[in-house]
Amino acid sequence: MIYFDSDYMVGAHPEVLERLVETNGLHTVGYGRDEFTAEAKRVVLDACGIADGEVYFLEGGTQTNAVVIDRLLDHNDGVVAVDTAHINVHEAGAIESTGHKIITLPNRDGKLDAKALDSYIDGFYRDETNHYMVRPGMVYISYPTELGTVYSRQELADIGDVCRRWNIPLYVDGARLAYGLCADGAEVGLKDLAGMCDVFYIGGTKCGALFGEAVVTRHRDLLPRFVSLIKLHGATLAKGRLLGVQFTALFSNGLYERIGAHAVRLAMKLKAGFTEKGYRLYIDSPTNQQFFVLPNEKIDELKKVASFELWGPRGETETPVRFVTDWATTDADVDTLTAAL
Amino acid sequence: MIYFDSDYMVGAHPEVLERLVETNGLHTVGYGRDEFTAEAKRVVLDACGIADGEVYFLEGGTQTNAVVIDRLLDHNDGVVAVDTAHINVHEAGAIESTGHKIITLPNRDGKLDAKALDSYIDGFYRDETNHYMVRPGMVYISYPTELGTVYSRQELADIGDVCRRWNIPLYVDGARLAYGLCADGAEVGLKDLAGMCDVFYIGGTKCGALFGEAVVTRHRDLLPRFVSLIKLHGATLAKGRLLGVQFTALFSNGLYERIGAHAVRLAMKLKAGFTEKGYRLYIDSPTNQQFFVLPNEKIDELKKVASFELWGPRGETETPVRFVTDWATTDADVDTLTAAL
Amino acid sequence: MIYFDSDYMVGAHPEVLERLVETNGLHTVGYGRDEFTAEAKRVVLDACGIADGEVYFLEGGTQTNAVVIDRLLDHNDGVVAVDTAHINVHEAGAIESTGHKIITLPNRDGKLDAKALDSYIDGFYRDETNHYMVRPGMVYISYPTELGTVYSRQELADIGDVCRRWNIPLYVDGARLAYGLCADGAEVGLKDLAGMCDVFYIGGTKCGALFGEAVVTRHRDLLPRFVSLIKLHGATLAKGRLLGVQFTALFSNGLYERIGAHAVRLAMKLKAGFTEKGYRLYIDSPTNQQFFVLPNEKIDELKKVASFELWGPRGETETPVRFVTDWATTDADVDTLTAAL
Amino acid sequence: MIYFDSDYMVGAHPEVLERLVETNGLHTVGYGRDEFTAEAKRVVLDACGIADGEVYFLEGGTQTNAVVIDRLLDHNDGVVAVDTAHINVHEAGAIESTGHKIITLPNRDGKLDAKALDSYIDGFYRDETNHYMVRPGMVYISYPTELGTVYSRQELADIGDVCRRWNIPLYVDGARLAYGLCADGAEVGLKDLAGMCDVFYIGGTKCGALFGEAVVTRHRDLLPRFVSLIKLHGATLAKGRLLGVQFTALFSNGLYERIGAHAVRLAMKLKAGFTEKGYRLYIDSPTNQQFFVLPNEKIDELKKVASFELWGPRGETETPVRFVTDWATTDADVDTLTAAL
């Protein structure tokens, strides 16, 4: 069996694991107040080109989104996102459980449109009854998106402009950031991203770590008392240095980019394999997630050799499916898959 | 100035006020454990044709929706409603503040479509990842809808069937129930409604009371420990008998229906006045709310003689507007308005 | 039967009711944006000696406490209160339902001790692990307290000093404020109170209104976007002017003080009647609530002529009980009660 | 420097780490639906002597407490715990953030007293106003307690009896369960515990794992839809098998007990070292946490050779302190420490 279900199906990249093993027996204080964590913060800020910002390490993506959004919003604020956003679909209501509405706008290839965003907020403020409506208090996008697509530099800049116009923060979910930064034709580097949004997180779990996400902001005061809020959400790791150790590894020797580039290269190869055989793209993704619409019989057949996910409920005759690559995917895996088409 | 902003712009109907004045000096125990409240419960259940159910009195609509929905949903459940639903637009995020998502489906003239509902829930259960999605845990509709429209008997029955198929409760927001029951061409009576949904509330605030809503259910055990939950939501009235006194008045001598019929008659007259003058309906409503699309200059002109609301943000050249009638609206009010068109 | 259960057992004081009746047929805009409400705000601020503050009207006490506290606290803050506080005992968990801990300190005759408060907060800040503890974010007291007692001017000033020292707001629950201001030997007037705390509410429900509480603050910006938060909590009255009308009445012609003085005079008479007959005070209250410890047989006997509450669970041989007076209590009521002792 | 701050200052026990390394490169499905997790559930249930129950793996203790308690309580229920409970003091308000009150009773050496518990609940139900009070909906204890003490078999049985009498679940926080099971003089084994409470968790983080806790219940239906609730709380690990792998290691070859026994032996040695030198116990703990009251000068002196925590704010002349042992503590560490006394 070869695995394309997602990018969290193996353990850590060997270079990450090695550092965990090397440091396993050392004593440090807990809860991220140790030197490994401090070092990782420096390394991450440096990679982001931020001279004076903050980094916080959390364990997983849903948790990270909930804590950040809970911090950025006032009581009756909502977070604006596209309808396909991970927070809107696949986090079991985690955002709403913190008391906040997700205000959804239609996606365009998984992306938020700056004009539609501006128009929505403008309409809100021109509505006489808006004090009884949920105020758009921040914007959530992911990079890459839930559908594997990436924003162009201009698209990102436009969204940032709208946010500044209305004085609300822009937050970027980077669960799969490595693959976005290394996307086929990507225009946005890590430092670009860090400068264009207010808060973002660098995904570790899906990008080579055992687990872990790094929340980054260039505004020192944007997330007040965040350490306490992380604890309140049950998102504080007792052996916090495990996160620091992993992120230092990911941002040493270009590992994070190597992971991204490897997975994207194989994803492009996989896409070519499918399209050459005449299969239809569900969406054209330049990153490590590839979506096709396959006949149900073909799905059943492929399931014998490969593990992968249906994208939504099974259709009557055909169904969208997703194939995902990561650091552990090999050329041989892709070859085997496409040979089975 | 004549007033068409909404149906909460005057005090109570004189027959309701009279009862409040008559009983003002009497002593009763508090918090709705008094005889007036007990009497009102009997009167309401009788009007609903329910032999063995429960009635709870609350103070206002947003509060009522929040308490009922909070009670009916399990932790990661959401409430299914149309995008135009009051809970989704004009309650400042009250439902989300209890931790629950509003799952929105597109409205059709303000109404929920039974087939679209069934299809959504079916898709949810056929999605392999649904344990990380928000489960559709109940259905919310309003009668009449936010746009003044009413469901036919068949439409309501179909929604009820879908709910039973998926074993989730159907809740009806009856903030303006009097006008729905007396709608032009209405097919659904109070007893029909009571039998076709699991919980509903009979609006008092917008239908002749000073304030107050009556939550009704024919399932004794559907709202366990509801008295405590009402208190937790800060929705318990110390002088609870005030609600009982008002609802007994509303359901004595056919008052509730008289109020509904009066307002609807004047709304139909108002609609005729506008359409005869060539103005366009925003939607064709058979109840006490009437919606037109008016040129902005006409709006500015009318605002000199009448008070009414824009329905959404002001457009560039024309804007939807709403005119609402109630027990205190007179034929002369409508005549004055239509004369000014 | 004569009634001493509480101060919410009759309707409104006749002078309040009269204004409601007089204004019943008038049209105003809803949700408290009307002239009656504006007038009431002016009248209340004037009575409080506040030149530039804010007033908000809500419907009931539990609701008011929840909304104010939810607004004043940051995410992992708690509210400091005595163990006997209404919010800690008799509000069904309303405060916790907004996500906040009530940090309790032992009461002294129902009162919070400034030194104990200071010591607690000091200890918190000296604890190395306090970033994982609930931060004391505000102080809640009631005036009079849950046990009917009142703070001296010095006691209040001391608590205010502690709050300023630690830079947290002091909030006073004035559900029964009329009786506190008119307490036997009271040192604190309305203007004193308004100047000594940051936010407080003036109780209407238990002090002569049908229902309603007025939140007052002398800091214009302390409760940002409070109108939206009130709505989110379901605490917005559609016919908002009903609150304005009532509070204008309560603060016209000295009515609020007349109500307080009347009830306190009768409470003192009642206390004298009990103590003369040799019954033991549970606590010595100078306000309209009187607490005694009575033998269970005496309780059973008295219940035949008077309605009143046990204060906590029934003891084996004797039980604390409470008798409450209000504007509607008469000398004859008290005479009948004491004659039955 | 030698480390006694806590039991989360090194990585995983070598036998645990080894299994993580061995399995690192294998592919499995995510989110705990893999074979490693399934195996761990079987191993854990077997160790607990539960034929037909459920096991769920989470990442950390605060999170686990919040999710379990949120699941077990109805809306206006509270959880009964001692005042010193971890959930009440050191979880930053995580429980309250889910909307629930912690009802505290005074601790006796960190323990809950069955009689006090029964008396509290009995008083609650005998209070006429209890429908407006927070209902005691479950009981939380920890084993060992926050102060390192353990319940006798009889004490545990008595608490269980009270819970059954009032029909509420008993939940045991086993963050340091290994040390409780191996406590000096312990009477309660893992199977005993599993049979005497309704839900408990077996601590991994503080007992030899990198991180992770195993929630165990012998009632299949007590935690409905728990997988979704875990996700909603952001507590789902994408690479869920990491938890399975670790717990299988912990419960293979008697590792969990070996870890507990080792740490407790050294803790007893450490206690003897302190008491022989005449230092006063803060409390007499039979587990891996040892508490002493030390003069401040001695604390300052010891801090030069050893890392450990103050237990609460620093006193004027002396302060309680805590020393904790774990699998990585050596005889030499303890010898060095006691030599420095």
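Quick notes on this one:
Letters A, B, C and D mark the chains in the order given here, with residues in each chain numbered from 1 onward.
One rule holds in what follows: contacts are C-beta pairs under 8 Å (C-beta built on N, C-alpha and C of every residue); 3 or more make two chains touch, one makes a residue touch a chain.
Given the structure is predicted, the values throughout are model-derived calculations rather than measurements.
Comparing chain pairs A-D and A-C by the number of C-beta pairs in contact, the larger count belongs to A-D. Work out the mean CA point of chain A and of chain B, and you get 41 Å between them.
We define each chain's centre as the mean of its Cα atoms; on that basis chain A and chain D are separated by 33 Å.
Chain C has its Cα centroid 49 Å from the Cα centroid of chain A. Residues of chain D in contact with two or more other chains: 75-76, 91-93, 97, 99, 131-132, 228-229, 231-232, 236.
Chain contacts in this assembly form a complete graph, since each chain touches every other chain.
Per the touch definition, chain B reaches chain A in the complex via residues 75-78, 89-93, 96-102, 122-123, 126-129, 131-134, 309-310, 312-314.
On chain D, the positions that touch chain A within their shared complex are 1, 3, 5-6, 8-12, 14, 17, 20-21, 23-30, 59-67, 91-94, 97, 205-206, 210-211, 228-229, 231-239, 242, 307, 328.
In the complex of the two chains, the chain C residues touching chain A come out as 31, 70-71, 74-76, 99, 131-132, 135, 224-225, 227-229, 231-232, 236.
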